[in-house]
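Consider the two complexes below, in which subunit A is the common component and subunit B and subunit C are the respective partners.
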Partner chain A sequence: MPSWQNFQPFIVTGLALGGVYALSGVGLVVLYQATGVVYLALGAVGAMGALISYSLIAAGVAPWLTWLVCLLFSGAVTLAYGMIFGPLLAKREPLVKATATLGLLLVLFGVMDLLWTTSSGKVRSLTFPTDGHGFSLGNVNITWTQVIGLAVGIAITIGTAAFLRFTKLGTAMRAMANDREITATLGVPVRRVEAAAWLGCGILAGIAGLLLADMVALDATTLTFLVISSLAAALIARLRSIVLTFVAAIVVGLVQNMLVPIPALTSYSNMAPFVLAAVALLLISRRRVITLSREEA
Partner chain B sequence: MYGRVAHARPFVALIAAVGIATLVGCGSSGNPTSTSSGGSTGTGAVKSSDCGTKPGVKATGTPINLGAIVTDQTGTSFADIAYMADAYFTCVNANGGINGHPIKYYIETEQTQPAQIAGDANQLVQTDQVLGIVGNTSIIECSVDSSYWQQHGFYIIDSGIAPECYSTSNSAAVNMGPRYSSDGAVQYAISQHVSKIVFDQANVPGTQHIAAGPNALAAAAHIPIVDLAETPPVTSANSVAIKEVNDAGPNGAVILNFTPPDALTILQAAQKLGIVDHVKMWGCSTPCNTDFLAQSLGAQWNSKLFVNAELTPPDSTNSKTMQLYNAILKDYGSSGPHKVAGGVGSFSQMGFTEAEIAVHALEGIKGAYTVASVNAAFKGVTNFDTGMLCQKWTYGGYSSHLPNNMDYTVTPNNGKMTTAQGCTQISSVDPDIAAYRQEAGVAPLDPTANG
Partner chain C sequence: MLDVTDSPDSPAGTASALRSPLLRRPAQPTLIRAVVIVVLLVFVLFGLPQLLSLYYVDAMTQVAVYAMVALGLGVLVGRVGLMSLGQVAVLAVGAWSAARLLFGTGQPYPLVLLEAGLVTMILGTVLLLPALRLRGLYLALITLMLAGAVTVVLATLNFPNGGGGFSGYDGNQTHIPPIRRPSIATSDPAYFRYSVLVAVVMFALVAIHIRTRPGRAWAAIRQSEPSALAAGINTTAYKLWAVALASFVTGVAGGTYAGAVHYLYPYDFPAYTSITILAVVLMGGAYNLWGAVVAGLLMQLLPALLQNWGVSNDWLTILFGIGVVQVLTTAPRGLADQFPKDMAKLGHLLMGLVRRPVPAAVPETTGGETP
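On to the complex of A and B.
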């Protein structure tokens, strides 16, 4: 068993990754609450945004501008999908809605494989000015990028909670989470509220894509399927509680990383999100029947 | 060329195993009259047209068919090696060919599936009617096809990865492969008096065979060694880098055996985390020997990362061979469907060297070009000055083939890979090296390698 000292740097990386999982998990929960859609394409959208940012930087564009382009792209694609397919699938079962987003994922994945091929030994990376700079806590180096990862997760969680509680739009979203039909009859502009949710979720996907491209890898496959970790956190929170999503994401990030220094378990670290989600859902299901239908919940 | 990996995430089973391998190369003919490259020295300007015996005269005779099988899959691609060989052959065809005959080069790509690889060999021999195999570079091809080539009388000139590329009678590589290149990297670390070694590699077929070499060297030097393996492609580079640094300690060395993308991912992760200097040195087997990697890493790694180089460092060499290599790469390998994506580096050097040896052998054939005559010529190459390797290159009728067992060590220097240590024999502490030297002896130095 590794010493406590060996675990320390993995706690830092776990917290940083957990923060990023949290912000995309929060996006998933808010979108689900507002529209009933589990947005499985979140990772792919962020991945493509990050790759666009990479290409623009390589072409000489200022990095900060490319980050903005990434967020705009992610927001625009997600909003467009929501506006086109949201109404068409509004009456369908949640499983159908979720599966439809897999279609978007596959389209984006195919485009990325075409434009940013992974064969021929190509290597890409995205770096932030905060990489390699930071401070030491005991024997552990903490970079500002890692601090940002966790801080953004916390800020998004608090900001979203406040937004849902204190703003008119947030109140409308919460109302739609309870009952879309009644909310509509009360005069709430349902389409506009849904559009805001899609746009917000898309922007969060872009932020997560940029951070994960730096902290994990700028690779279409990796980033696309990192959504699973965020989804695990959202599922543990039963796609309802933002705060619980944040806590679950941090736990997922920590467990995933703290398994690495344990030689017997290091190969299983990537399983952590699924195992945690499965255990949590099993425990929850002992007390009540789980349903994927927002209206029935 | 060492391994690269897969990472799996639910929903879609993505996994790719990936391979790895290092390649080295050297050698040239005892008869350096034929092609322009064959290990010439000097610094006079060399043009790509010097690749052939009749500059500017296009070969129009009956084609000589040659073939290659290379791994080309997500995360692991050795296609550049065959593409560079193709560039060389195209150059030769445009400048006289082989006694007027052009070379027609068939490249089959595979994705680490034995049935597919066996089918590729059959396709090349039965359908494409190739007379020789040049440029094979695959994670498992040697293991799958070795007996097939023996049955059909083929003597392969390749870049080796799998153990059978070195341990059989009918495969001779220009590179050292992952095991012996890792030996070289570990050997250099030991020479720097590190107190511990962490040897991390891609978790692909043959990892135990590869690790046996570095472990033997470390044991002989009484230095503790930790063996790690990562599933390619590496998707948790931060965790991997931290784990390596933790295990090595402040006076230790981390030695990587990965394909360039994975190695770069890990090294960049260490850089981003600010832990580069938490160990005494970093090392790498041959795949890291590319300018692309040096440029991507930056000055922080100058004289901190030491890479085993199985071929003559291109940035510090201005021999005629190196000039020809650069000219062919520029004129024939920089565009089109077979573009050499990695540019200057070990992979393209290997492809160049394999093609150079093949052309030299073919030019020496008197009479018809048949499977028998072509492969006899390949097997007969002896003490050839490739201009790309420390030693002269010999195929020979040995039971195993390690014609390249002496190499360089290079280090990044402001975006270029520069020589840190000149030609050094890989230690015979590795029992495979000892066995080969007992049978074949130690080849003479190639006087043309460094201009």
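On to the complex of A and C.
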């Protein structure tokens, strides 16, 4: 068993990653609540945004501008998908809505592999100026990027919670989560509220894509499937509570990283999100009653 | 024989299916269909290996393997409405078990395939048993999570390469022996025939299931779980049965795959392939057994063709992505169902174009609108 010393750096990376999982997890929950779509292409959109950012930096564009382009791209793609296919699939069950986003995932994945092929063995990386700077806490070095990861996660969670609680648009989103039809009857512009949710989720995907590209790897496959970790967090929170999503994301990040220094479990550390989510799903189903409704969740 | 198209959404179909097999839609000219299938099969078994180069024979072996995978997923999607997002993990488990048995024992190949199927079946049912209370989206997502976990375990365990112990993996091995093929099918064309026969057996197994009691129970469950329950169907048992059958078929496919490629590595089974498989199954049509054949062709023959023509496979991934969205929004029953209809429409259109000049000439001569 490794000593406490060995765990410390992994707690830091775990918290930072957990923060990023939280911010995309919050995006997933908000979008699911407002539109009933589990957006499985979130990781792919963010990955492509990060790759675009990488190429622009390589072409000599100022980094902050490329980050903006990344957010714009992921926001625009997500919004476009939501506006075109949201209404077409609005009346279908959640499973179909989620499966359709896998189509977007495949398209983006194909485009990424076409434009930024990995078969040549080229390793890309995206770095922030904050990577090299940081401070020491005890004997652990913490970079500002890691601080940003956790801070953005906290900020987005609090911000979104406040947004849903206090703004008119947020109230409309909560109303839609309850009952879409009644909300529409009350005169809420349902399509516009949905558009806002899609756009917001897309931008969060872009932020997560940038941060994960720096913290984990700038690789289409890795980033595309990191959505599973955020999804795990969102599922533990039953796709409902934003605060619970944040807590779950931190737990997922921590467990995943704290298994690394334990030699017997190192290679199984990536199982953590899957196992945690599977257990959470099973607990959800513990007291399920069979109903006639086709809706689930 | 294979064309079992009971409608996914017509309540009449299910009700009659439940009451008695006699009340079902009268059989199509079964004899003609059987003859067509036999002729097709004879051509595939004896004609194709003669006509195709070894490159395409190998590709067609993969088509047979993936048609089985698609068949298994088709049972889950089309029969009990379970969209599994982790079929590649199931395939990998089947391939792993078969490889381990082939290295560890001298058993005949068909027995190994059977055992690989059974191991996969047991693992699949045990893992999904607690999840069967879930439905729809949550059930699909839990398959994604379980598959992810299984993939991590397999990547750590590694695929057998002739070593000892439980895992059969020896990292220090310098000369890795190939996974053996059945003695009657060591050459590529022979192994292709062998795989097709295995696939035919699996298709027959599923077709029998769909035609008999479990198939009718699945149809009822897909329509409405509460009413199936009210009709006295043990929904949990039949859902589990479907999972078991699908895992078995996919496990056998894994065993066939192991012999086809000779060497197995964890990166042969990437997670996104599960999504591609789901996409091609939805595109091919999950309610129709031919859909599985279409799915196998889409998944393995098209990439081989494109590679031969020097076109990147990524275009195919993009195409599948568009295809899955298109299928979900407009043609929920897939290509196997849509294509004949489209062809019929096209036929009507062409016939109309051919016929049009005759009626169009009539008003011109009698009306005389144009001076």
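List of remarks:
To be clear about the criterion, the second predicted complex is superposed on the first by the 286 of 297 C-alpha atoms of A that agree within 3 Å, B and C clash if a C-alpha of one lies under 4 Å from a C-alpha of the other, contacts with A are read in each partner's own complex, and residues count from 1 in each chain.
Note that a residue touches a chain if its C-beta (ideal position, glycine included) is under 8 Å from a C-beta of that chain, and two chains touch if they have at least 3 such contacts.
No experiment lies behind these values; they were computed from the predicted model shown.
Looking at the shared chain after the overlay, A:T221 reaches both subunit B and subunit C. Of the two partner chains placed around the shared chain by superposition, subunit B is the only one that A:D131 touches, whereas subunit C remains out of contact. Of the two partner chains placed around the shared chain by superposition, subunit B is the only one that A:T145 touches, whereas subunit C remains out of contact. Of the two partner chains, subunit C is the only one touched by A:L89; subunit B is not. In the superposed pair of complexes, A:T185 makes contact with neither subunit B nor subunit C. In the superposed model, A:N6 lies in contact with subunit B only, and not with subunit C. When the two complexes are overlaid, the chain among subunit B and subunit C that reaches more residues of subunit A is C.
In the superposition on chain A, contact is made by A:V107 with subunit C only, not with subunit B. After overlaying the two complexes on the shared chain, residue contacts for A:V123 are found with subunit B alone; subunit C is out of touch. Of the two partner chains, subunit C is the only one touched by A:T99; subunit B is not.
In the superposition on chain A, the residues of subunit A touched by subunit B in one structure and by subunit C in the other are 221, 225, 228, 267, 270, 274. Those residues of subunit B lying in contact with subunit A across their complex are 7-12, 14, 72-77, 79-80, 231, 233-240, 242-243, 246, 259-261, 264-265, 268, 271-275, 278, 292, 296, 300, 341-342, 347. Residues 2, 6, 9-10, 13, 118-123, 125, 127, 131-134, 141, 143, 145, 214-217, 219, 221-222, 225-226, 228, 257, 260-261, 266-267, 269-270, 274 of subunit A are the ones touching subunit B in the complex. The residues of subunit C lying in touch with subunit A in their complex are 81, 83, 85, 130-131, 133-138, 140-142, 144-146, 148-149, 152-153, 155-156, 224-226, 229, 270-272, 275-276, 278-279, 282, 312, 314-325, 328-329. On the side of subunit A, the complex with subunit C involves touching residues 38, 85, 88-89, 92-96, 98-100, 102-111, 113-114, 221, 224-225, 228, 231-232, 235, 267-268, 270-271, 273-275, 277-278, 281-282, 284-286, 288, 290-292, 294, 296-297.
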